[in-house]
Every structure is written in C-alpha cells, then in structure tokens.
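Following: one structure in structure tokens, then a few remarks.
Every chain is named by a letter (A, B, C and D) in the order it is written, and numbering of its residues begins at 1.
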C-alpha cells in the first residue's frame, strides 16, 4: 500500500553515518559544515546518525589505515540494506599523499563498492552535498530493486 | 544570562535564512579555488615536471611508440590528487590548470580522471650551447625539470648532463639569446696531441690493445672500433699528451 | 465447628513440624509429603474462614479450654479472628504454601532438611497464631517463636559466608525488639491486670496514663523492630542476602508484615490512638523515612538479594505510612499493599533464588548478566514482579500504591497540612526510584551480555517455575481486578480494624463495650477515584497484538527480518564503534551514575550509619525507641 | 455500537491516527522552526513522515546477543501505550474514555514508553545501550519530582480540600474560572512543567540518554528498520501527549461546542506550547551532563514547582 511512499521516502530522508578511517580531519569538518546554516543539508533530510544501524549512507573519509580496516568492514556489514557508500575526498579512493605507506591498506574499492566518489582535498561542502544527493537518489533505486 | 543565543534565535525567525540555494550548477566556484584539473595536451612538452612534483602520485604517463615519435598519454587522477597545484606551478608551458570547478562528483570514478595525449617527435642529437654567445644567465638551468644543466656565472661555465636530459626543449624555449639547440654531437674518443714522446706506455696500459705506437717511425695509431674509452691511456700518459674529447 | 478452625490451623502447623522431625528427617519423599499435606490442609482451614469472617463480616472468638471470662475479666487464653487478622493470616499461609513448593526444588541437596522444614512450619504456625490470637502474651510468645525460627532459618546454610553473622545480628536486634514488647506487656499487665486484647481495648479507651503511654511507646517500637522500619532495618539486609530464597520470601513477605500487623492491632484496636494527630505524624514520619532510606540504599547495592531486601524495607515503609494516616482509605491501601508486597516481592525473591540456584550462588550484580537468553521464564516472572513493585499499571503494585497516594493526598487536602503533601511527594518519587533500581537489576542480571562463566546456565526446574508463575499471575490478576479485591477482601479488614466495639463485644460478651464507654473512631468514607484497568488492559492487549502482527510480523513491504546465521556473524554482532564485539557488560555498580554523583554526601552519611557492627545497630534501635518514647510523652499526654 | 465507538476512539480520533498525524506534524514544525531560528531553511514539514516511512522500508537486523522477543516487543509496547494515553487526556470538553483515569494514572502511564525504551535497550546487549538506559533512568528520576509537584499543585488549586485528580474536572474548573495560567500563583508551576516536557520527550539539552555523538543514540543503538521507526514515532507522539497534558492542565477551559473545532484549537495551542518549551530551548542550548541534569531538575525546576505549591497551599 505504501510501497511508493516508502520508495520515495528512501530518497527524501537519508541518514548519514560518518566513518573516519584515518582522515586528517579536513573532510570531517567539511561534512559537519554541510549541516551549518550556509549549506543546510537538513533541508533535504540529511541527518547525522549515531549508529550504523540507523544509517542509509556511509560517508567514508580518510585513507584506509590498517588499524581502521577491520572496523570499516564491520561497520559496513552492520548497516542495514538499502545502503550507499560515499567516499569523501581523495584518500579513500587512492590513499592520497599517504599512498604506499606501510600503515595504509587501501583503497576503499577493495572492500566495498563505492557508489559515489567525491573528489577534492578537501571537497567543498557544496560538492559533498552534491555527492550525498546523488547517493540519496541511488538509495531510492536500491530500495525499488529490493522488492523486485 | 543563561541562554545567550535566545535573542538571536528569536530575531532569526523573522530574517531570511542564510542558506545558499542548492543545487546550483552555474556556480563554478570562487576564482582561486583549486578544483578540477584541465590539461592542454598540445602545450605539453613532456618534461615530466608535474609527475616529479606530484606528492600523491596522481599523474601517470604512458608511452606509445608511433611512427615518427611517441604518443604520451598523461592522466590526472582527481580521486588521488591533493590539489596542491604544484603541477600547475611547475608546468613551464601552462598546460596544466586547476580550474575553480568544484563539482567533482561521480558515480563512476573514471569521470574523475583528466586525460591528455601529447605527440612527441623523436629528437636527434644532444643539447648543445653556442658558448661564445652565452651570457650565463642561468635561465636554462632554472627551467630544466631534471636539473641537467649547470651554469656558473663566476667561472663562466655551462655544462649539461646528457644522462639527465629528457630533451624536453624547455631550456631552448627559455633561452634569451637563443644559443641552445639540439645538435648531433661529434663522437668522443682519445685525442692525440703533439707533445707525445712515443714512450709506448699507453699501448702497454691499454686493456684491449687498441693503441699501436711505433717509436722508430714516431707514429701513434688507435683502433676506434676496439677502444672502450676507458681512459687508462690518458691517466698514464707521462707528458699529458692524450686526452678524452670530441673527435674532429 | 468453624470456630475451631483457627486453633486447628495453628496446632496443625506445629503438629506437622513435630511429625517431620520424627518421620521426615531421613526420607525426602515422606518429608515433602508431610509438609505439603500440612500446608494444604492448614491453608484449607484458613481459607474456610473467609466465608464467615470476611463475607459475612463476623468475628470468631474461641476460648482455650473453654476458660470463658468470669465477671468481665478474661482469664484464659482467647483466640479471636476478625477480618484484619484473617487477611494477614491468608497472606501468610499463601506465601508459605508457595514458598514450601519452591523449597522442594530450591533446597534439594542441602543437609539436615528435616530441621529446615520443622523450623519452616514452626515459623508459619507462629505467624498464623500471631495473627489469630486475642491474647497479648500469646502474641508475644508467637513473636518469640517466629523470631527464633526465623533466625535459625536465616543461618540455615551455615557454610555460607556471613550466614551466622547475619543470624546473630538478626537475633540480637529482634531480641531487643522482643524485650521492648515484653516490657510493654508487663507494664500493661501492671496497670490493667489482664492480657486479653479486647478487654485491654475497653480498659484503655479512657485515655492513657503515663504507665500505659510508656507501654504503648515500647510496644510500638518493639513491633517497629519486628517490621524492620528504618532505624531498625539494619539486620534485614544481611539476613536476606544469606538466607535461602524461600526463606527470604517469607521473611520479607510475611515476617515483616507480622510486625506491621502487630502495630496496626496495637495502635488501632488496643490503644486506639490512631485518631490522635501526633500519632499519625510520628508513624507516617517513620514510614516516609523508611520508604526513602530503603529505596535509596537499594539503589546503591550491588548484591541481588541485598537490593531486594532494601526494597522490602522501602515497601514496608509504604504500608506503615498508609496505616499511619489513620484514614480508611489509607488503611485499605496499606493492607492491600501488604498483600501485594507479599506477591511481588515473593516473586522477585523466588526469581533471585532461581538465578542464584542456577548460577551456583552468584548474587553479585557485577558478575551476572545476559541471563534472559538462558532463563526466559525467570526473566518474564522477574519483569512481572519488577513492573508490579515499580507500580506500573495495570499491575497490582500500581493499584495499592495509587490508593496510598490518594489517601495521603486526601489527608493533606483535608487537614491542609503541608506535611502530608511531603509524604505524598515522597511516596510518588520513591516509586520512580524503585523503578530505577529494578532497571538496574534487569540490566545487570537478565539483559546485557552473558559472561563466559554463565554460558551453560539452564532454566530453573519446573518445581521452582510453577510457584513463580502462580505469583506472577496473581500479581497481574490482583492488579486488574483490584476493585473487587479492595472492596470485598481488604475493606472488611479495614472495617474490622476500626470497629473496636464489635471486637470487644464478640470477645467479652454483648454490651461490654458500651458499658466501658468505648466508641468507634470516626473514619471518613473510602472515596476512590476511578481507574478501570480492565478496559485499559483489554484494549491494550488487543491493540498490542494487532500492532505486533501488523507492524513486525508482516514481511510484505519492508526489509526482511533476517535470522542470525553464523556465516553472517559480523552483521549480527553488536555495534562496538566498529571494534570486534567483546564482553563488556555494564554491571549494576555502573548504573545510575548522575544520581549517585549528586547524592554523594547523603550516601557518605548512610555508609557511616550502616557500619555492619551490631553495637552500632543496637545503639540506633535504642535511640529510635527513646525518640518514640520522648515524642509520645511530649505530645500525647 | 459501543465497541465500534471505542474502536474509533483508539484507532482514529484521539487515539492512534490522530496522535501519529499530529505528532508527525508537530515534529515537522519543530524541525522547521529550529532551522529558522538557526537561519537555516530546514526540512519540509513532512520530513518526519519521510523518516518514518523510510525506516519502515529498511532491513531489520536483530543482534545475535539480543533477546529477540523483548527486543521486538519493546517498541510496540512503547507505541501502543502512547496511543492509549491520548485517550485519557481531555481535549477541552471532550475525553474519549471519560473518568477512566486521573493524573496519577497518566503520570504512571507516561513512564511506560520510557520503561519500554529501557527494556528494548537493555535487551539489545550493547554497552552503549546500557549506558543509555542508565541515563534514561536518571532522567526519569530527575523530572519525576517536579512533575509530581506540578500535578499535586494543580490538584490542590482545582480541588481545594477535595481530592481532584481527574483531568476532566480540571478542564471543567478552567471553563468556569479561566485557565490556570491566568492565576499568578500557578505560573511557576507552569514554568516547571514547560521544563519537564523536553526531558520527557527527550529533546536537546535533556537528551543525554539518546546522545547520538557520545553514546551512539544510547538505547536505540542496535535498532534498525521498523522497530526503530516505532521508537522514533513514539518520540514524536510524546510531543503531542506532553504538550496536550500541559494544555489541559494550564490552558484548558475553552469550549466551542464542536469537537472538531476544539481539537483544532487544541492542536494549535499544543503547537504553541511546543514552540516555547521544546523548540526554543532546543535551538539555544547544548546538551547537559547527566549529573547536571539531575541537579537542575531537583533544584531549579523542583524549586519552581515548590514555590507554586506553597503559594497554592497558603491559598493564593
């Protein structure tokens, strides 16, 4: 009965869980900046959730350090479907300046399919929001695919 | 006051929200923002400076031999870039530009790679300088991506390390007096001079037996084919009559 | 025929005790059979009295050996059962019957079980006698039997740490209380030359002389010790922590109630002092302090049974407060709460006993956890009990507490006295603090994470579960049908507690009270606000089930509810900020941090008072008794 | 016919549908107004509805360590009990189940959702949830004292030396004597009640139990999908219930004669109360520590309520 509404809601209310896998904090503060009055991501329903169990979109920032690798995999596993993974900045996709370091076990694509990648070091909040917006639309598609 | 922002909050109710409109594709960013990389392949001279200065190894170079030269494919991976703009700063020909475009969002990571292919003609010869006209300004030294050129104004010397030189031609374009050029250099070898006393020491020292000296006939011959240019003869010559240098 | 039943019940109990000592000390089957038959028969005898006493409103008087009063003076020992005594007797026999059933499972494998059942039945018999007797000295004797069998049962498992110490504390403190009661009785006998309660009631109605006032104060203090109200509460916590669980159940459910019963009998009927404002104030003050100290100490405990023990103290505080209000509504609430307390506290102690029994004697709240997956039935029972004691509707705890609030508030509104408002507020706040401490237990014992040591814990055997389920069902039923129970079961007891004339007349002969100039206390009518739990519950359960099925049962249009599967273990492990889930149970001591932090100064004082030394405790008892005596001499002359 | 009427009460008018609809609407307004207070645009008014339906469409993961039955039953218990509380709160002249309950019953009924949250959290087996329920419990203890004081004050004000706990009677009293807020002795109590509402609902400065960036939303940490949707819905429903309680206690007494008009006015007043007590405080404060919260409620708020109690008690 509510099938359509539920599918539509999937795009309208994406909750984020932010994973810092060894980031320098540059991307992290820009993600938070998205929620500030100037960018106001909440007008599209974005909300930072406290637990991956509540999240729809996993926002990953930082090269995947060896220490954070298992935690990343576990957290992604613990997120209920439908879910999206968004990589913020260059680090998760490649390792950025930390590439090749003994402490890095990236990139993110090795562990999970990255739905949207946002480039920049750090990306502007506008770019992050654009990426999240894209991810929200993907969520709706994934939700539709779930009951097929 | 216990709630310092109470008045602010209440007055804000009657003000326009300061949120910017979104999405806003027309907004291409602020002028000095370092965003999407644009690469003009035609300008590129393949000096390799960009690759050298790139800390996160975001720039890759692929060679493809074609007739009359090489196709050099340069790709700038923006999911690996730190946007430090060193490549832009170091690019002598301004082929690399970091535009203010910040919309670097893609579902497919291939969309975030800027690619350009440069055709590079095969360059023959080596870098040479017309020493007489050189003013030792040092511009060539500074523009050289590989630091192959050394210029010393005090002693008035100009030297080039041909092993380091990548033949990008940057120095040639930079040279104010236009004294630099790629020249087919003369082959090097042992050079004989008149101060020889025909002591045959060189012939004895030569590891491959390329030198033949006849004391009686006062002739000195060298077989250029067998010579390995080891320099044993030059160092052992008591009269310093032999030297390594360009042949005529 | 029916008038022999009270005596038969008491004698039957003692007879059973002797039979067990003779025949049952070796053979478990014989022992269990004798105790079960005795308890069932005695329960039958007691329940048979419901018809003539509670329904018909009669009072049964019985003279031992037919020594009837001569010339208006009672000579022999008289038994007199009115509705008040019968309600308490019913509470007692019900608790004992269930506890006996539970003992079969719980005490299996202990040594000297013959002695255990002997003492157990003596305890029961003494309490029945205490509730049914009409003779003051007989009451004292029963109190003594009760005390000594309770002491022996507390320290029954002697090899347990602290068992003997607890029994010693219990013995010393209760002996002090018995001493007070005996002194009081002696003083009364000195004054009145009789020991029959009915006759005393008629003789003391003219007002109190200094001697009787002292006797009154000492008797109240003595019964205060027996009911473990606050300055006298100290041995109870230790006793509960070490006593076997069925004994804990009857200690808190029945033995403390016996003290309350003694107090009500003493104040309402014998001295008839309840219409004095000062009396009401001191009793409610003790009650309110008992409530608060009990619950606040419970919040700080980290032993399962000790925590429950402090709750017993707190709940007895409710009963004493309610009884001390001196209104019919208050007494209704008090007696109702006494009954409910037996039900839910018994249930909780049995659940604690089940945990203790199955985990091999662990009661430390920091070492348990996650047992709900291993002991689901015990958990359900515990949750019922916890909801009932915290007063969540529609359980019985709510019904009786609600009557108490209304009584306290009505009293406050009628008298315009701010003091009673404070009592009301205390009662209401203590209730939520009770909930807090049961949340603590629920988290520390039943929910949370299962520790390695308790991996193989099994559910309790059926013989232990059945009594628990009986009590759980009773908790719910008395809560739902609280209205008929309050009106048809509790209210007669309240009427009999204030109807002194009838009490005297039945015992001493028609017209005796009128001749002595005894009149009944003026008691306002019971006015109860409306609350129909049946409507609520029926609607609630229907909609709950419907919603449960619709929202969580259907799989049509939402993500499928995935069963745990070992391949997918990572997905179903707990969220530990991404870390591997490890054992990190939040135990009892870690709970309720902000509250404990803010109450630190209070707890420092409490820590000094609960020093664990018998001498200190005795000092507290003596000082509190002195306060009662001084208060009465100052304000009640 | 009676059954049908009761079914209508439960499922539609003051019960489930009304409470859900108004609760979601109020939550939407709350978020919108907070956004405007912070100079943001804010989510659309129907955002809480989107949140709810999105959560319905998510997968429900039950942790292996959780007690399955308690884990799933707790949100339903919370939701259903909230549906019922609204039946006992008079909407000005109209009460669905008249005289079935009084203030003390409501005081206890509103603890059931909290207790359900605690059981749900405890049964999930997560240490975050354990810390959360510990805080939730302390919060409940904290606001209970002022809440009780306010209720007793209202009862005394309305009843004099009679026992009046019935909210319908409180409403009737206000119809005759004007709303209780216009009696100046009740103003401190009303202020105290305004501060109790956010703690009961669990919004910003008092949401220590569900602090999402300290303890991962406390008791809700392991919830996902429909059970989480029910818990989130419960929070929204608490808004209308608590503000409704405030309205019928302090701002009652309006009688238009039409239930629909009454309900409309009721909702409007509830929204106004919510804007004052929940939204404004949320917008301008940061989260308290649990020990500060406890101290705040037992000193400041209880003090305010006590002032009112004493004033009423001496006959002001």
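Criterion: contacts are C-beta pairs under 8 Å (C-beta built on N, C-alpha and C of every residue); 3 or more make two chains touch, one makes a residue touch a chain.
For clarity, every value in this text was computed on a predicted model and none was experimentally measured.
> So which chain is the furthest away from subunit B, centre to centre on CA atoms?
The most remote chain is C.
> What chain is most central when centres are computed from CA atoms?
Chain nearest the overall C-alpha centroid, as shown: D.
> When I count C-beta pairs in contact, which pair ends up with more: A-D or A-C?
Here the pair linked by more C-beta pairs in contact is A-D.
> How many angstrom between the C-alpha centroids of subunit D and subunit A?
Going by mean C-alpha positions, subunit A sits 34 Å from subunit D.
> Hey, how far is the Cα centre of subunit A from the one of subunit C, in Å?
58
> What whole-Å value do you get for the distance between subunit A and subunit B if each is reduced to the mean of its CA atoms?
Spacing between the chain centres: roughly 40 Å.
> What is the distance in Å between the mean C-alpha positions of subunit B and subunit C?
The mean C-alpha positions of subunit B and subunit C differ by 94 Å.
> List, in ascending order, every residue of subunit B touching at least 2 other chains.
17-19
> Can you list the subunit C residues in contact with two or more other chains?
Residues 557-559, 571, 573, 575, 577 of subunit C touch two or more partner chains.
> Multi-chain contacts in subunit A: which residues touch at least two other chains?
Subunit A, residues with two or more chain partners: 2, 6, 37, 40, 43, 51, 53, 78, 80-81, 146.
> Go through the chains and record each pair that touches.
The complete list of chain pairs in contact reads A-B, A-C, A-D, B-D, C-D.
> Taking the complex as given, what residues does subunit A use to touch subunit C?
Within the complex, subunit A contacts subunit C at residues 1-3, 6, 19, 51-53, 68, 70-75, 77-78, 80-81, 146-147.
> If we count contacts the way the header does, which residues on subunit D are in touch with subunit C in the complex?
Those in contact with subunit C are residues 6, 10, 16, 56-65, 67, 69-70, 72-73, 76-77, 79-81, 83-84, 97, 99-102, 104-105, 107-109, 111-112, 115, 118-119, 122-128, 130-131, 133-135, 137-138, 140-142, 144-145, 148-149, 152, 155-156, 159-163, 165-166, 208, 216, 221-222, 225-227, 230, 289-295, 298, 309-310, 313.
> Quick one: which bits of subunit D touch subunit B in the complex? Just the residue numbers, please.
It comes out as residues 33, 35-42, 280, 283-285.
> Under the stated contact criterion, what part of subunit A meets subunit B in this complex?
Touch list, subunit A to subunit B: 37-40, 43, 87, 90, 93-97, 99-100, 109, 114-121, 123-124, 126-127, 129-131, 133-134, 138.
> Residues of subunit C touching subunit D in their complex?
370, 372-373, 376, 379, 383, 387, 390-393, 398, 402, 405-406, 409-410, 413-414, 416, 418, 421, 424-425, 428-429, 432-433, 435-436, 439-440, 442-443, 446-450, 527, 529-532, 535-536, 539-540, 543-544, 547-548, 551-552, 557-562, 564, 569, 571-577, 581, 584-586, 590-595, 597-598
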